[in-house]
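You will see chain A twice below: alongside chain B first, and alongside chain C after that.
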Partner chain A sequence: MSAGGDGGGAKSNLPPNTIIGIGAAGGLIGIYLAHFLPATFSFFGGIAAICAIVWGADAVRRVASYGLGTGVPSIGMIALGMGIVAALFGLSIGGVAGPIVSFITAAVIGAIIGVLANKVIGMGIPIMERAMVEIAGAGTLAIIGLSTVIAGTFEYGAVLDTVVSTGFIAMIFIMGGMGILHPFNANLGPDEKQDRTLILGVEKGALAMVIAGLASSINEGLGPAFVTILVGLTIWYLAFNKYFGFVKRDAYAVVGTGLLPSEEELQ
Partner chain B sequence: MEPLIGMGVLALMGVAATIAGASEDLESDVGSQSNPNSQVQLAPQMMFPHRIYNKAVSGEPPSNALMCAIGATGAAVLMGEFNLSPLFALVIGALIAACVHGTYAMTSTMGRAASQSRFKQPVYLDMIRSHTPVIMAYAFITTFCVLIISYMMNVVLGHPFPLPLLAFIWGITIGAIGSSTGDVHYGAEREFQQFEFGSGLNASNSGNIVRFAESGLRNGYDNSWFCAKFGGPVTGIAFGMTVFLGSWITTVFDPAVSITRGWLSAVAGIIIVFILIIWNRKIEVAARNNYGPYKEDKPEEEAAA
Partner chain C sequence: MIDLAANFLWMFLVVIGGVLISWSVHFVPVGGAPAAMAQATGIGTGTVQLAAGAGLTGLISAGYMMQVVDNLPLILASGTVGAMIMISVTMIVGTWVYVYGVGCVPSSAKVKVDPITHDRQDLYVSQGTEGHGLPTVSFVSGVIGGALGGFGGSLVYYALLKVGMGVAEVDANMIGLVAIFAVGIFFVNAVIPSYNIGGTIEGFHDPKWKKWPKAVISSFVATIFCAIVAVIAILQLGGL
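What follows is the complex of A and B.
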């Protein structure tokens, strides 16, 4: 028995292309808004990261539904591994088109890894190549989005000074990665629902935004950091309540306390 | 640096690491993370619903790296922007990390139970309310101790990496050690106490974990109580030794003094690894000889005895 579902494609209410649109367009627009608008609006980078994380979580959900039980955390880590290489490469050569160059680079890296996984390692998952491209793109946008929150811009020099050499890149790496892998991993099981998984992506993305906002106070000053943290906490609160509502909707029973279900109930 | 001060710092780091290791293992045991988690997840599917926390926050290395990186980010901001004293900054950083970890723990146990509704696994809110603070408390201790280690390395020993990166690396390390050292005690023993000791995990027993305690239903507290006797402390010793011996070689043979010292520190490290390999082999052989599973049954002799 596969712990990761029934071994087929995942059932979805929102089609993959819609979520790709939300993730890619929302991510890029948010990053550019945070870059060009004054420092107070650098929270748009966090919103970009949330869009990207939701997209990544949906891609993980689709590929992991082919019975990838314990591989779910690994696929989240590889997303950010590909993303960090693509993000730094794209920002270093792309100038103002940096995020787009990073995004394309990520797609290429993702395609290569997807082909390797299917053809060389022989995983035989039909949507592996496509999912890897999506996951790499989402990871890249999440990294650039959160970096833009901290640096206030995606200029390579500023990102290097305020994000990489201060070590905050480690926090971005792990919060982005966990944001992408945790939603499906936390909802793993045969009765997993897409909306519940994706709202958890929003919740984890909002947490990443809050922590990135905290880190941004060193570079951006207290005002913009406060705005980012406040927006992040609001999104987190709404998403968490929504998630709890979905848990109450989907669970067999949500009880204050109680004994185990009896033998008759289990029949 | 004075060699004596270096040794003192090293001793303090070793102590912090030992505490961190013990609390890391117990934190994962209260919530049934990583290795034992697969059986907690499988149990309802085999018609064994339970009241055990299902904290599926990936494996222990990423989840501890997450806590430590968040804690270090908070501490670095508080020290850099607000000029807070390191002790307060590390405490508040660890507190932020524990809160974030609490949300990860809660969402995973609720989500996993909700995704098993066809197997009639209820979501017990009292269990979540009572266990999450314990998980957060252990997470706080772990993060705080790892932050102390990272801060000491960064500030006193002069390591070139920034605080969040060091904490991230130590977080992965402590998670890997906790996962490989301490989890066996819970996953292989405590979960299957109802079967004969040393019988291994028969495939037909998969998911049939112990769900009833000495009194009432078994929960995460019972498991951490059991693991606090051996699994937790042994993880603490493993992580403490890793931190202590890993830094001891460069404190005694400081590469900053001369390149020869640097090579000597590498040689000392290799010698320590060899001693540990030989020691481990001796323990394994001794254990196999005394308790090994390959002895043939000799009913006549036993009957005669």
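What follows is the complex of A and C.
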């Protein structure tokens, strides 16, 4: 089951470095804004998560275009597996520098797994090491961003109380993973286009933001939760419309099939 | 305050657990998308989903047992059996679908006779496919895989919880933290072998199975780093 194409790099309109910039800088700035500004602005954590998810989705499309030999979802799951370990580690020892420590830890773990995948397992994907670093970093920032939406801060104790012990961390795990793995998994094929894949990442990130906003109402009260949900829904609506536009642009034709035929018509 | 040396035993157990998870994936008959269309032997989904399904069930049953008793063999047995039941149910329901729904005979394309039942396989493989359904040998292999995965997963969980118990009282925070670290380590160790086997494997009779040392070495190295990071984060619970 070789998903994702016949080998060779993916064509990109936006160069990888631009997206790394958007993901890493946007992610970290959003997380710090959500942390330091009052609770009403905790939606910046969701925006950080969207930046990180778009970055992760772009890294997935670059590495999975070579053909992983297995399904694309695996790489999203390893991203969040590495991400969750690195995120909680960084927050636990980093204090106010927590997200940065997490980010660096994720890069180190990602580099190790990338080197192992190429050197020991022998996957032979030239950008594997780099992509693993990027995917681990994006997964970490997505987790911290969504946790900051729910907790209002990235302080270790608060995150443990409001995100980990309540079980929302499992929800963040799957939503962040979905955001990173689903865009390329849904759009892969010879007609895959970067803008269509990435806008789907924005859409998935916005959905995650809406759900994280709902979860934040327990801790942050209805006001900030409402703001987060409203911002999330707005981004979702815009991104979904844009995605639908790209689908219609790239499709050969969009036709209605009508209703299912009735029994009499079939005879 | 961070005393890694005192927790060396628990870190060692985490690494052993990670290696077992990695090894276990090689036993599970993963068919991927071709198997979902009954064009390859195995269960019709990816490695990660199967390993996660079985292993996380093992984690839950181990965690449940841990509420009652603090005895390592019993907790490991509970996790092992939980994962075995989960993978067995998945495989038997899959077999029903392949046999009664799709209408194909469970057969392997990798071996001429089933090593366990000695039934001929090649006669029953449909043209243009790489086998279909779950022959006996794949089923047995899957149960072994579930056992190893559940054992490894509960070992990781137990060891990390013991680290936490050394510094603080057990509460919801600690259990949540330990569980999510166990899940994270589980996913890392489920994906590494899935890249090793290239997405599909029939079980221990498949020639690809012999590649397991590569994945186990990779998981060993990766889990060492994950274990160090996880233990440090859990030890911080003591300072809260």
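In this text, the second predicted complex is superposed on the first by the 252 of 267 C-alpha atoms of A that agree within 3 Å, B and C clash if a C-alpha of one lies under 4 Å from a C-alpha of the other, contacts with A are read in each partner's own complex, and residues count from 1 in each chain.
The rule we apply is simple: contacts are C-beta pairs under 8 Å (C-beta built on N, C-alpha and C of every residue); 3 or more make two chains touch, one makes a residue touch a chain.
Quick caveat: nothing in here was measured; it's all calculated off a predicted structure.
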item: Fit or clash - chain C, chain B, common chain A; value: clash
item: Which superposed partner A:P73 touches (first chain B, second chain C, both, neither); value: both
item: Touched partner set for A:E155, first chain B, second chain C, both or neither; value: neither
item: Superposition-derived comparison: chain B or chain C, residues of chain A touched; value: B
item: Chain B versus chain C as contact partner of A:G167, first or second or both or neither; value: both
item: Contacts of A:G258 with chain B and chain C, given as first, second, both or neither; value: first
item: Which superposed partner A:L188 touches (first chain B, second chain C, both, neither); value: first
item: Touched partner set for A:G81, first chain B, second chain C, both or neither; value: second
item: Single chain B stretch clashing with chain C - from 181-189, 217-225 or 271-279; value: 181-189
item: Overlapping contact positions on chain A, where the chain C interface meets the chain B interface; value: 1, 3, 69-70, 73, 77, 165-167, 169-170, 173
item: In the complex with chain A, residue positions of chain C that touch it; value: 32-34, 46-49, 52, 171-173, 175-177, 180-181, 183-188, 190-192, 194-196, 198-200, 214-215, 217-218, 221-222, 225-226, 229-230, 232-233, 236-237, 240
item: List of chain B residues in touch with chain A within their complex; value: 38, 41-42, 45, 47, 49-51, 56-59, 62-63, 65-66, 69-70, 72-74, 76-77, 80-81, 96, 100, 103-104, 107-108, 110-127, 161-169, 211, 217
item: Residue numbers on chain A that touch chain B, as the complex places them; value: 1, 3, 69-70, 72-73, 76-77, 165-171, 173-175, 177-178, 181-182, 185-193, 196, 200, 203-204, 207, 211, 214-215, 217-218, 222, 240, 243-244, 246-247, 250-261, 265-266
item: List of chain A residues in touch with chain C within their complex; value: 1-3, 68-71, 73-75, 77-78, 80-86, 88-89, 91-93, 105, 108-109, 112-113, 116-117, 120-123, 156-157, 160-161, 164-167, 169-170, 173
